[in-house]
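Here the chain labels run A, B, C, D and E in written order, and each chain numbers its own residues starting at 1.
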Amino acid sequence: EVTVFAASSMKTVLDRIIAGQDVRVSYAGSAALARQIIQGAPADLFISASPEWMDAVEAEGLVTERQDLLSNRLVLVSYDPAPPVDLRKFDILAALKGGKLAMGLVDAVPAGIYGKAALESLGQWEALAPHVAQVDNVRNALALVSSGAAPMGIVYATDAMAAPDIHVVGLFPKDSHPKIIYPVATLNDRPTTLAVLELLNSYKARKIFRAGGFEVLE
Amino acid sequence: MIEICIRHEVPGFALTCDFTAPAGVTCLFGHSGSGKTTVVNAVAGLLRPDAARISVNGRMLEDSGAGLWLPPHQRRIGYVFQDARLFPHMTVAGNLAYGIPKEPKGAAWDRVIGILGIEALLERKPRSLSGGEQQRVAIGRALLSGPDLLLMDEPLAALDGPRKDEILPYLERLRDEVQIPILYVSHAVSEVARLATTVVLLERGRVVRSGPVSEIFADPTLVPVLGARDAGAVLEARIVRHHDDGLTELSCAGGTLWLPQVNGAEGSGLRVRISASEVMLAKERPEGISALNVLEGMVSAIRIGDGPGAVVQLQVGDAQLLARITRRSVEAMGLNEGARVYAVAKSVAVARADVGAGIR
Amino acid sequence: MSWLSPDGWQAVALSLRVSLVATVVALPFAVAVAYALARGQFRGRGVLNAVVHLPLILPPVVTGYLLLVVFAPRAPVGAALDALGIRFAFHWTGAALAAGIMGFPLMVRAIRLAIEAVDPGLEAAAGTLGANRWRVFWTVTLPLTLPGIIAGAVLGFAKALGEFGATITFVSNIPGQTQTLPSAIYAFLQVPGGEGDAARLVIVSVLLAFGALGLSEWLARRERQR
Amino acid sequence: MIEICIRHEVPGFALTCDFTAPAGVTCLFGHSGSGKTTVVNAVAGLLRPDAARISVNGRMLEDSGAGLWLPPHQRRIGYVFQDARLFPHMTVAGNLAYGIPKEPKGAAWDRVIGILGIEALLERKPRSLSGGEQQRVAIGRALLSGPDLLLMDEPLAALDGPRKDEILPYLERLRDEVQIPILYVSHAVSEVARLATTVVLLERGRVVRSGPVSEIFADPTLVPVLGARDAGAVLEARIVRHHDDGLTELSCAGGTLWLPQVNGAEGSGLRVRISASEVMLAKERPEGISALNVLEGMVSAIRIGDGPGAVVQLQVGDAQLLARITRRSVEAMGLNEGARVYAVAKSVAVARADVGAGIR
Amino acid sequence: MSWLSPDGWQAVALSLRVSLVATVVALPFAVAVAYALARGQFRGRGVLNAVVHLPLILPPVVTGYLLLVVFAPRAPVGAALDALGIRFAFHWTGAALAAGIMGFPLMVRAIRLAIEAVDPGLEAAAGTLGANRWRVFWTVTLPLTLPGIIAGAVLGFAKALGEFGATITFVSNIPGQTQTLPSAIYAFLQVPGGEGDAARLVIVSVLLAFGALGLSEWLARRERQR
């Protein structure tokens, strides 16, 4: 039996890929998982939502093989229906109409860090900073928007895609923030572990990842 | 005047209690479990009986027929519980003021505090008071709430002898100086005899006798009910003179009584209880004896008990006296109804705990 | 001061305010509920007892999520309150609400035990002295329950200081507005190497709570000696 | 034999207490706050005095000089507290068995339960017992723990009169049938007189007098300490015959006494207390009176009090009797030391609560 | 059953096991600490009291982090225990440890209040009957504290059922191994469309806790009536 530690945003797609396999997945925040692995958790594979935490694990000499598995896009979502716009020419502050912009923790969780970088490169961060409501993970940012507590939020395209009750206003340009990377690493060389890595790279898996909104990295 | 009529049933106990009590102290008297507390709680509104009509001085507190039931706080009733129930987080003054509708405290305040002798305690917390002091404060608290009726459920039962003696005189002053009716529960005969105007005798939830205290206590047929040891007549007396040697001369129906220093103005009335077991009978007026009280009377009834004792009732003037002596003496002295005899009682023995107003 | 970042100090100040307000505001409700549970004989007592315990039982995220669904400005309740000028969402008051709700069962438990220990005979005595139920409660039951109320308040305050999951889910983490100590600590723990900053905040938070505990023990002792 | 020597100081109170008590019941007697409970607690080990030497039948429990201090559970002491302190979560049987080292319960079990009359209570919980029953169980529990010494701190103070009477006979049977020393605290004279072998009089932390009960109670100089009302001599008497009319004939130092039915075999000894206030004095042997007890004696001391009273000590045979009469009578009768007088006491009055073994 | 996924049922079973074990194992320690705090007169009483309250004050993530740092297989303590065959990290026993520690202050508070209400006179009486301190505790203090112990146990059990932050941080979220109800709920809430599954688990968790509450109220009532 193989144990995979995976960032919790992977749950939908990963559950589908490993269905019927002898694989258990522990979903939690990347920081918690990385720390646990560093402290000796019995994980065979680690899928992180942030390259930094994978770096931390690798620095401990625990990684046997590492690969950038997936990428993602940042999107601006809104509670009210809105026509798609080009975010390069869109005044988010005005569109908030005094409400909050929901994001992950801008210094702590990956979606927040990427989002802040994007806003900075678009020259909107200064103005928006006081209006940002930060939450501990992207899903809670999405919840803020879908409950109407925040009129808009910055989340992953994958989250936006699966949430029927919110509206995508626009995709942030790829070059507005560092590339979003979900690295995967094996933590031992057991054949069963390698088999799971193979499974993640299989055609079927790619199909599921893409269907879930991810971009599959070669 | 209190009119009480209560029907109440709980598994194993049925209460049917009707009585009317005039002003003064009405003692509910009866064995443990006879229903005394139940009656008092019903009057206070702490218990809701199956059916009841209760009125105090004409004001209806409860009339189950008419669907009337006043909650306790609207009954204007003062309740002194056996266990004081002072509020531990308040000072004595705070406890006393609790039931007073509004400031300023007025004359009643000083008067009640004076009667009860609790001036010095006002700033203290209840925990630091002795049992007797606590009960006095509890009485003051009930009084100061300006009640139409005072309920006292064995207010002295938890106290030992000396502390009882300390507080009884205050109760007497209450009875004599405060003009509200008191319903008093006790199974201590000496308390009842000393305080009661009216006695209501309860037995197994029913009123078996009620009437003025002198009548009930002089009734030899009630001796078994009251308890042989504690039977004894209650006499009304009047202070004639306080003598220099510390004795007080009293006149009562049957003649002159001498008691050690009794408080009270010359001419004022008081009540003396002469315990049946302390009365000695003599055929001739005894001479050269230390006992000062000798009353001449006529045997009006003799009740021979199951044991070695007998109770003799004497008509002394227009009052009655009881004497508890041995059957052997009844025979030896040839006593029978109508015989003239002398009742002899020591001053110090009579003084015991049975005279109104504090003596030792 | 350089030991903590300005954001850190802000979080300390906010956490104190949030916890104090949460405790002070929740306390009367906790006392009322505890009284009802201890003395009441009404239908639905069991249900009330169960509902009060809910925040203890539910994962905090769920509680936060439910709060969000109820109090969001667009939700019916939230909108109604908004119209009255009462705001919870993204506001420190919301953090206080979350903290208060999470600490509520702890307060109620402690206070209820204390009320159950008050002699009903004293309450009956107050009744015969002309005090109605309301006055009896204020002048007899409540003062005698004080040690338990203090214990409950401290428990609630401590819990409020530590509350994280429900707070961040409900009011997110706006520095100076809703970033309490636990949120700040969490944020530091999410980035590699943030443990040192987190540790400093943890120390502050522990010191605050110990202060509250010491104060409560002292108050309780004084109360007992009176 | 108990040897006790305690020094203890707390702010406002210093105890210096030395006494040796023989077998039987030693009563610690004194006003409230005189240090009785402090002594008993020190003996039990519940309080650790500044300095003490305490031994029971030669076994040293505490010797501060030698650094010896046994904790309570190693002292083999039975303590009956004023407030029973039964374990509420155990049945009566559970309470009784608590101090018994090991099963099986053996003969002592049946004997103690028999003496105390608690067979019927064994399966009940303490809460449902009356106060008197609770104290009996507490006594049984202490006894069954097989103590070398029994401590009783006002075991009856919380009980009212009838309940006291109910339990006193059990204590007397204890004294007479169980061969362990008892240290008994009380400020009720009648209890002390009835139970004590030895009396230790404490005042403000110091032993003012100690000695055999008959000596202490017949001492007119101690009347103010004991309380005028309760003073009275204790006489040793012997049962001569139980008569058919319910009276028992006793012989004592000064002559014959007649009391209502006293339990006890003919020929057995018992103790009679004749309260000073119940003794009447006469110059001539009175005839034709109901009082059966007339003892001839000689005035051995007269103590005139501050009030109207006086205490007269009589030498009656080789025993002493006290009579409390008025000063007026002392003068009227021309009493002085050496005068021959007759002491008169009613059978029923003497019988009060002051004879060993339960009578009413 | 199709109402809950197999993983869901597994989480329910695990949560029950974890909470029960946590409560049962923590209870004796809670009683001992409560007794020391209520009756002890030793130095460091204040410190003990403060330390006991720590899990309440600290954000659960911090508690979880500290547990991880202490009990992980690579940490000294964890390694030592591992050598003895005792495993906490990433094992259901670790979830129980976290739950027990988080519920500990609640248990201690309730039990301490109950012990403080036991009449010391009864303990002294037991002493004079030859019982040493240990026997007095077992036969007198403890039975009289029972209602408080029941209350404390239920509070601890409820808290254990709801514990999330410390658990997921310490032992991760491994299905069938360390995935308790709250972790499972969390996982469902992390993905869009998981709310329905989460809600079902929330209902189960609420029902379990209500059952425990009802049981405790019933036990307490029975105890009082005896």
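Note that in this section contacts are C-beta pairs under 8 Å (C-beta built on N, C-alpha and C of every residue); 3 or more make two chains touch, one makes a residue touch a chain.
The UniProt protein names, listed by chain, are B, D = Molybdate transport system ATP-binding protein; C, E = Molybdenum transport system permease.
Since we're looking at a predicted model, the values are computed, not measured.
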item: Contact-graph separation of subunit D and subunit E, given in steps at minimum; value: 1
item: Set of chains adjacent to subunit A and to subunit B; value: C
item: Pair with more cross-chain C-beta pairs in contact, given A-C and B-C; value: A-C
item: Cα-centroid distance, subunit A relative to subunit D, in whole angstrom; value: 89
item: Distance between chain centroids, defined by C-alpha means - subunit A, subunit E (Å); value: 34
item: Inter-chain centre distance, subunit C versus subunit D - centres from mean C-alpha coordinates, in Å; value: 60
item: Whole-Å separation of chain centres (CA-atom averages), subunit C against subunit E; value: 21
item: Residues of subunit D engaged with two or more neighbouring chains; value: none
item: Contacts with two or more other chains, residues of subunit C listed in rising order; value: 61, 65, 186, 189
item: Shared interface positions of subunit A, touching two or more other chains; value: none
item: Contact pairs between chains, per stated definition; value: A-C, A-E, B-C, B-D, C-E, D-E
item: Of subunit D, residues touching subunit B in the complex; value: 32, 130, 157-158, 160-162, 187-188, 227-229, 243, 245-247, 258, 260-261, 277-278, 280-284, 286-292, 307-309, 323-330, 333, 344, 346-349, 352, 360
item: Of all residues in subunit A, those that touch subunit E in their complex; value: 3, 5, 8-9, 11-12, 24-28, 32-33, 35-36, 38-42, 137, 139, 142, 159, 161-163
item: Subunit D residues within the subunit E interface of the complex; value: 44-46, 71-79, 81, 83, 85, 87-89, 98-99, 101, 125, 141-142, 145, 151
item: Contact set on subunit E toward subunit A in their complex; value: 64-65, 68-69, 72-75, 78, 89-90, 168-169, 172-179, 183, 186-194
item: Subunit E - residues contacting subunit D, complex; value: 119, 121-122, 124-132, 139-140, 143-144, 226
